[in-house]
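Each of the next two complexes has chain A plus one more chain, namely chain B in the first and chain C in the second.
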Partner chain A sequence: MTDAKAPVSTAPVLAVDGLTIALPRGGDRAHAVEDVSFAIQRDEVVCLVGESGSGKSMIAHAILSLLPSGVRVAGGAVAVNGRDVARLSGSDLRAFRGGEAGMIFQEPLSSLNPLKRVGAQIAETIRTHQGALPRDAMRARVEGLLAQVGLPTPGLLARSYPFELSGGQRQRVMIAMAMANRPALLVADEPTTALDVTTQAQILRLIDDLRRERGMGVLLITHDFGVVADVADRVVVLRGGRVVETGSAEAVLRRPRDPYTRALIDAVPRARLRPPAPRPEGAPVLSVEDLRKTFTVRRGLFQPPRRVVAADGLSLSLHQGETLAVVGESGSGKSTLGRMIMRLTEPDGGAIRLGGEDLRSLDGEALRQARRGLQIVFQDPFASLDPRQKVGDAVARGPMAYGTPRREAMATARALLERVGLTAAAAERYPHEFSGGQRQRICIARALVLRPQVLIADEAVSALDVSVQAQVLALLAELRREMRLAMIFITHDLRIAAEIADRVIVLQKGRIVEEGATRDVFSAPREAYTRALLDAIPGRRFFEHPGFTREPVAPEVA
Partner chain B sequence: MTGIRRAAGIGIALGAWIVRLVLVVLVIATFNFALVRAAPGDPAQVMAGQSGGADAKLLADLRAEYGLDQPYAVQLVRHLGRVVRLDLGTSTQQRRPVLDLIRERLPATLLLTVTAFTLALLLGSTLGVMAGLAAGSAADTAFTVLSLVLYAMPVFWLGLMLVLVFSVWLDWLPPFGYGTINARLGPLGQALDLLKYLAMPAASLGAIYLAIYARLMRAAIIEVAQQDFVKTARAKGLTGAQIVVGHMLRNALVPVVTVAGMQAGALVGGAVVVETVFAWPGLGRLTFDALLQRDYPVMLGVFLILSVIVILFNLATDLAYRLIDPRMRAGSA
Partner chain C sequence: MDALKAFLRHPSGMAGLVLILAVLALAASAPVLYPESPWEMVATPFAPPGEDGMRLGADTLGRDVAAGIAHGARVSLLIGVASALAALVIGVTVGALAGYAGGGLDAALMRMTELFQTIPAFVLAILLVATFTPSLATIVATIGAVSWPPLARLTRAEFLRLRRREFVEAAICQGERTARVVFGHVLPNAVSPILVTASLTVASAILIESALSFLGLGDPNMMSWGFMVGSARSSIRQAWWASVFPGLAILVTVLAINLFGEGLSDVLNPRIARRRG
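Coming up: the complex of A and B.
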């Protein structure tokens, strides 16, 4: 019954023809996308590449007729297996969604109903399209799907709630749900952006495997040319709602014709390994010794609490002007380390010394004074600025809290805003008037206005577009030189770590598994865990070996 | 092995909960004691006043009889001692055990408040869902205005207006009371009769909560509708009704349950006013009379019972939470 859906004609699985999507009146532009055309054949992965605001997500939503209210298709057509999606309505449309075309989204946690067991959510998809099955048959189907997407113990997993799963497991569940009715087309909207590097590699491989197994067409939306290099057969590059370039992945990656495509490819951080700077002499600015932290997670009313080791004897030292990258998968304890150094999270044991002063022995006013020397920039530039505080105030409040008169603090704030690439007039505006990259510049200004000795950047560029990421990284590198800053750069993206750091420590489950000069660690990793992390970097083979030709099948990583 | 450990875990958790409950009740009893004593006047003065003349000897005798001549600390310890033994003392006015008085009145109050609460929650949520799904439409605007009116209306005034319309003008419902006296009715007839008397008090008490829950539900539905998992449900090919019932409703209930649980105490407090308007023979009337007469034992007894009800309501909210949201079952989430 399901196999009857497999296309018999030679029509492409997806044909987007002259698609124009109109935005509601009063927006910053009239059309989200204009005159976009491309097609996907059976057994083909097409990547739709673009930065935020390019309209790539709108196209994905238009394919399943899921555009938000107020946004509508103003021209052109989308056809799946030769059928015009716009003409579908009512039960035909519902049969198409989740039947012929499956979709997965960026944030697997928010895309699953938090209050329903994942097995039930998958079963619902099957029931909707194939009718009710006997209980046991349904359970077998669901568990079969979970096994197919590579989840161990499917029986147990089906009875779990989304919050009990890891990010990668959740995305696998989403994929199982999208695959439940053997769709001819899978639309994946940034499916790996929220995942760490090893999980990303696994999910991409899974999508690729399923594609081959079932001969699906896959539309994969991404902003990362590394991902393109790994999985795409063909590429469509979007800018401001228009297609600037399209072609086979090989051709576009090697011989990009459009300057914008070239800029995007160049912006991919590429692990250009620099010779390590000689380690500075003298006492370190910051030293951390034997830091320990175990979180106790309360579980059910009647269950014993679970203990999670976030730091198991972490030691590090940092000299003036030096950048140390902290890398590892999610849950390895990277962020906890940064928060403990800031004393935002209280360690269970160990010592933190800033300029010879023991931070852990300080409290009250003494701690407040010492904190001045330690500043942090967080990952999410939207959540880390007060939406009701003017940008100038946000920056000037720091020095004012340490006794600088308001007028003087505002002048410093304006000067610093200019230094990070904004205008002095930005001080009078509110955060919502700025883009993500600009906001992150504001956060950097806010951290640096206190002239700290140490800056902690916790995934500070992870939420940004690749080209913006490159600009912010360049800014940080300049500021580091200018201010002789010592920097701790926490990131899950090893390409960025390689780009910016002198030294690197690799964390796994709260332990340092490897550390050393970035070049040594990355070119000759000693530990299997480090090697696995490096192997998982998207597009690594392409970007590091210019003569490399993409293999048709991504090889299994040990 | 794990079964035994699990059972032991449940036992420990339950024991801890009961110990906490007892401690909370004792703290509340202490507070109530202090509050009641802080008001001017005492039962002896009222009784002496009622007996016609208040000479110093009579006052002193009365105070000695009820232990009011003792230092506050001694009185408090005695009071707490009685609370632990579930002995709430004897009413100074009615000369009957307080526990008996409360036992007579409690069912009427529970009937009134539970009915009002259930109606408000069910109707309010339903209206809220409808308004939330139609957000921005004319019906939604009408709903917003209506809920604002209900919200702004004083309980006693609403009660009086209901009486005016349904009893005086239309003569459909009895204006006050708790069942027709001396009516010879079967069990079903009795229930229907009681329902007639219950309708207006429950409606006036529940109106404001109905408005609150409806507005909360409306906001929650609008917010949930924008969540990614609703988009997922659409992408799966579900119908609108399947999405609302299967995915949105339970998620939207979380904030409503939070507020409903917190307001249960206020609901019982509001019952005092409604019971007075409709001559409903519940705890409200008992409290009102006891307040005027400085009937310390009755006041303390009623306050204690009300606080236990509020604590039980909180427990019920907690359990409802766990039922709705698996993340709550996991503790800290």
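Coming up: the complex of A and C.
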């Protein structure tokens, strides 16, 4: 059974003491983490913050004894409720995982068995730890848990398969599973990174409510100081496997002692709203008129097909040198809009005009020629470069496809790689030798080598660490000025939208619900949906900025 | 060449490669080792191994089994590789068209593939060879025609997966022509699983050829391992060597190619490798 009824003790729920984790030989460093110590008390949320590669996930895995093979604990100890985790084995270890300690991972889809109904999966967790229950009692328990994590119609939901749920619903199911056995400790590894802002805010609130209700200790791993500001009691900042700073959230956020911590906090986009640039005169570079797209998903033989409206009469126009942010929750159709403009997804109706030419009426060679003026940077820097192509070729092939001789194209590519902050020597290397941020720079060079009039950035910085995000955004802003680029910036992060865009479009279910100059929309939103998106921005309380307060308008903006 | 280095450290893959090289060497040196035709009756019928100058004995008609095996290696390897290549050409073309074009063409090509898959491959092979006169060309064409569906399905699956990948879409957006996108980005990234399956197709082609020859449907002018097993099977109790040694040759060759193929799979697809060093 669980320790839920154990007498309240003063011993911490989790004590990590001098933990050192050794990596297999031949890696880029000998230890994933070195001499890490911290503790979590009952009813306390501790955030472990660090950039990718800082070893934060390794600590989570060590706590649950889930380290990948070849990686081992080389020193120190992890104790949960006073018990040394390393000493547990076999059935004790299984009882511990999912019993005393629950875990939530970043990607809820891959953590759920796709072939089993979610109710059955939760029931299995309960059965493993508490033995079989009568059918009705079990069903009541499962539905009770689903209701507790805020899912509507728990009865219906328990009978659904994971793929039928949205990302946020899946993460709630994962939380229900982690909660099933009243754990003393909840380890959440980037639980909201794959979710959009509003869902992220809901999930964080849910975790916070549950820990208050149950007095759990929560270890929340994140790279986002906005999240830290919202939920953490205490913070542990990790860099390259070492703790650089630890303390109460308030102290660390307000008075960071370590320069690295300060840099991380400063890198959080502040949504400094700039006065809107005067709207350029003349004809727009790109105009989209009444774009429509409905996706039809065929389901079973006897079920009607599911129809998802991704674009319901979208119109927009973009002038030279202007940046337009497209924001909205996931499923609002913002990526589809970008893909339709690129003609990667065929719209059902409407027109896309680039410099007076309707892209939709073109195909074959004419479309290929027109594409020159329109380029895109994708979200995932790891998927968007051909692993078998040298970086220089990746950049140079664009001009070569339009007839530039190879030597000349390669020279342009090298110059551009230098311009985006890499060395010319990078041209001779393969994508896997670069970090995420560097790869995104390569993708930007690849998109800009054709000197497009319009650049579409589809969540181009969402997959990057906050500090890298800031650098890539700065680069984009520079290049935009330099090349007089018109840019469509698709993002779910309103902080970034505020930072970079002149105008913003708010999308909901394929429809534009609000549109206007960024400063107007963000400081005085007209629609409830926009307000909800703004309220959901992590860390608003802390990173409060005049642009974001709805109450008395701050003097510097007014 | 990381893949090459990794393969050199792969024990079973290297064992397979060494065996394949040995069979190749045997096939190459057959005219030197046994300059006379393997059909020549050179010894007392049923001479056991070691007697009458026959290292592996003689068969019913006094033909040298060792000479048959050496010359048969040429036939088996030639037919194995040639028909795997034929299957590769058909399979990759069909799969690539279906996977990249999608839509109606995909549906039509896949129905055709299923049609081939529902007919037992070996029965279809017998039917085809029996209809056309058995010769090297018809046998290669036949084995190719019955072996391509798995390659087509694999290629289609890889193309479907890769076509939606962002680097392929980026190439399209950069204005590369369709042929360049397919041959420059999609195919090279699909090549490892296709190569692995193709190498295993060589092994199954050798088996089909042996089975056809066993049934007397081989090229009558070429000494083949399957034919040797088939013709000696009635006298297996008097002269086991005449069928066992060619049988072993088939076993070793097919095993070697399979080991090689799996080694290749481990090296080229490290993500799904069963074990890593």
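Keep in mind that, in the parts below, the second predicted complex is superposed on the first by the 536 of 558 C-alpha atoms of A that agree within 3 Å, B and C clash if a C-alpha of one lies under 4 Å from a C-alpha of the other, contacts with A are read in each partner's own complex, and residues count from 1 in each chain.
Note that in this section a contact is a pair of C-beta atoms (placed from the backbone, for glycine too) under 8 Å apart; a residue touches a chain by one contact, two chains touch by 3 or more.
Since the structure is predicted, the reported quantities are computational estimates derived from the model, not experimental observations.
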item	value
Fit or clash - chain C, chain B, common chain A	clash
First (chain B), second (chain C), both or neither touched by A:Glu164	first
Touched partner set for A:Gly55, first chain B, second chain C, both or neither	neither
Touched partner set for A:Gly226, first chain B, second chain C, both or neither	neither
Touching partner for A:Arg446 - first (chain B), second (chain C), both, neither	second
Partner chain in contact with A:Glu107 - chain B first, chain C second, else both or neither	first
Residues of chain A touched, compared between chain B and chain C (which is higher)	B
Partner chain in contact with A:Gly328 - chain B first, chain C second, else both or neither	neither
Residue range of chain B overlapping chain C upon superposition on chain A, of 146-154, 164-172 or 182-190	146-154
Contact residues of chain A, present in both the chain B and the chain C interface	none
Residues of chain A touching chain C in the complex	342, 344, 368-369, 371-372, 374-376, 378-380, 383-389, 397-398, 401-402, 443, 446-447, 450
Of chain B, residues touching chain A in the complex	6, 9-10, 13, 227-229, 231-239, 242, 246-247, 250-251, 322, 324-327, 329-333
In the complex, chain C residues that touch chain A	165-177, 180, 184-185, 188-189
Of chain A, residues touching chain B in the complex	64, 66, 93-99, 102-103, 105, 107, 110-116, 124-125, 128-129, 161, 163-164, 174, 177-178, 297-305
